[in-house]
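Following are the structures in question.
The two complexes that follow have subunit A in common; it is paired with subunit B in the first and with subunit C in the second.
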Partner chain A sequence: MSDNPVNERIKTDIAQNDVMLFMKGTPVFPQCGFSAAVVQILNHVGVKFGSADVLVDPEIRDGIKAFTNWPTVPQLYVKGEFVGGCDIIREMFEAGELEQMFDEKGVAREAA
Partner chain B sequence: MPMAASEIESLIKDAMPDAEVRIDDLRGDGDHYLANVVSSAFIGKSRVQQHQMVYEALQGRMGGELHALALQTSAPDAG
Partner chain C sequence: MNRAERIRSAIESAIEPDSLEVTDESHLHAGHAGAQPGGETHYEVTVVSSRFSGQSRVARQRSVYALLGNEFSSGLHALSVRALTPEEVS
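Our next item is the complex of A and B:
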């Protein structure tokens, strides 16, 4: 698994960004409602995040699904750990758990 | 190709026989569903693991013929 070049790219992205979002489109122009919702939540919470647009990169689009064993995009990684897709992020945000997780993991947040 | 709500429900119940499954067709178009699944199989599992169990029950249809399925999962009497 480690000699797969797509997995290596995904691992590098996750390692280089404390908060890494694999999404459809870009944070400025999300191309899917689920991706847009996660971007909006991350902006609201005030964390900086890296992003990869799976629509322009079919290898990553298929690769991230296999890598995470998760069938859909968006996918959010924090400090190398898969946190969830849109439903889980939204649920955590509504319960106040998302901010708590960023604080516990030492991810800086700007005051909203 | 859209999937019928009853098909989603039976796939989940095949994998988790004790599951209580409620499927809402969010837009009435047979393509955007919300599934609420309560099962003792979720006890002690993280949210990610719970959702992965449902995706496994759907045998690869999620992200394919099943375009949008929002998931709410929980163990009985929890949260």
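Our next item is the complex of A and C:
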């Protein structure tokens, strides 16, 4: 699969952004409640993140599901590692584990 | 069987959970991306099993998703999963 161009694009996105969100819509105009919830949480904890809108890019939309072996969007990657979708991000945030993870991984946070 | 029943049956036979709730939330998403006229697109599952002990959140949710490949390929759009151990519930 290493010569698959979609996988290469995904790997590049993940490598170039410490926090990378594959979502529906954009951070300013999310097109899905689950994506909107993750954007809101990331903004709240004050991390900068890159994003890809899977709705404008069907290749990435299918590709990210296969790449992660995860059938739904949004998907959050931090420092190259898949962290989860909306349920997991919300659970981690509510448990205080999300900020902890960003701090442990050395991702800068600004006061919201 | 409708989709909720199929989801329930797939999880029950594979995981034998202590408890399992499957809720159809498709009506909450009517008109949104992924919604379809007949519904059956958005579900929420809460499953409690000691099998999840020692597993990460990703591993737990992935093991539930893995049982439902047929549903995802036939119109299931979103599945919220709460996968807990009995200790985490009590």
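Quick notes on this structure:
Keep this in mind: the second predicted complex is superposed on the first by the 112 of 112 C-alpha atoms of A that agree within 3 Å, B and C clash if a C-alpha of one lies under 4 Å from a C-alpha of the other, contacts with A are read in each partner's own complex, and residues count from 1 in each chain.
The working rule: a contact is a pair of C-beta atoms (placed from the backbone, for glycine too) under 8 Å apart; a residue touches a chain by one contact, two chains touch by 3 or more.
Everything numeric here is computed off the predicted structure, so don't read it as measured data.
Once the two complexes are overlaid on the shared chain, A:R9 sits clear of subunit B and of subunit C alike.
By the touch criterion defined above, A:R61 reaches neither subunit B nor subunit C.
By the touch criterion defined above, A:Q31 reaches subunit C but does not reach subunit B.
In the overlay built on the shared chain, the residue A:K79 is in contact with neither subunit B nor subunit C. Judged by the touch definition given at the top, the superposed model places A:K105 against neither subunit B nor subunit C. Counted by residues of subunit A touched, the larger count belongs to C, out of subunit B and subunit C.
Residue contacts after overlaying the shared chain place A:W70 against subunit B and subunit C alike.
By the touch criterion defined above, A:I88 reaches both subunit B and subunit C.
Common to the subunit B and subunit C contact sets on subunit A are residues 34, 69-72, 82-88, 91-92. Across the complex, subunit A meets subunit B through its residues 34, 65, 69-72, 82-88, 91-92. By the touch criterion stated above, subunit C contacts subunit A in their complex at residues 29, 32-34, 57-58, 61-62, 65, 69, 72, 77-82.
Those residues of subunit B that touch subunit A in the complex are listed here as 47-48, 51-52, 55, 60, 62-64, 68, 70-72.
Of all residues in subunit A, only 24, 31-34, 55, 69-72, 82-88, 91-92 touch subunit C in the complex they form.
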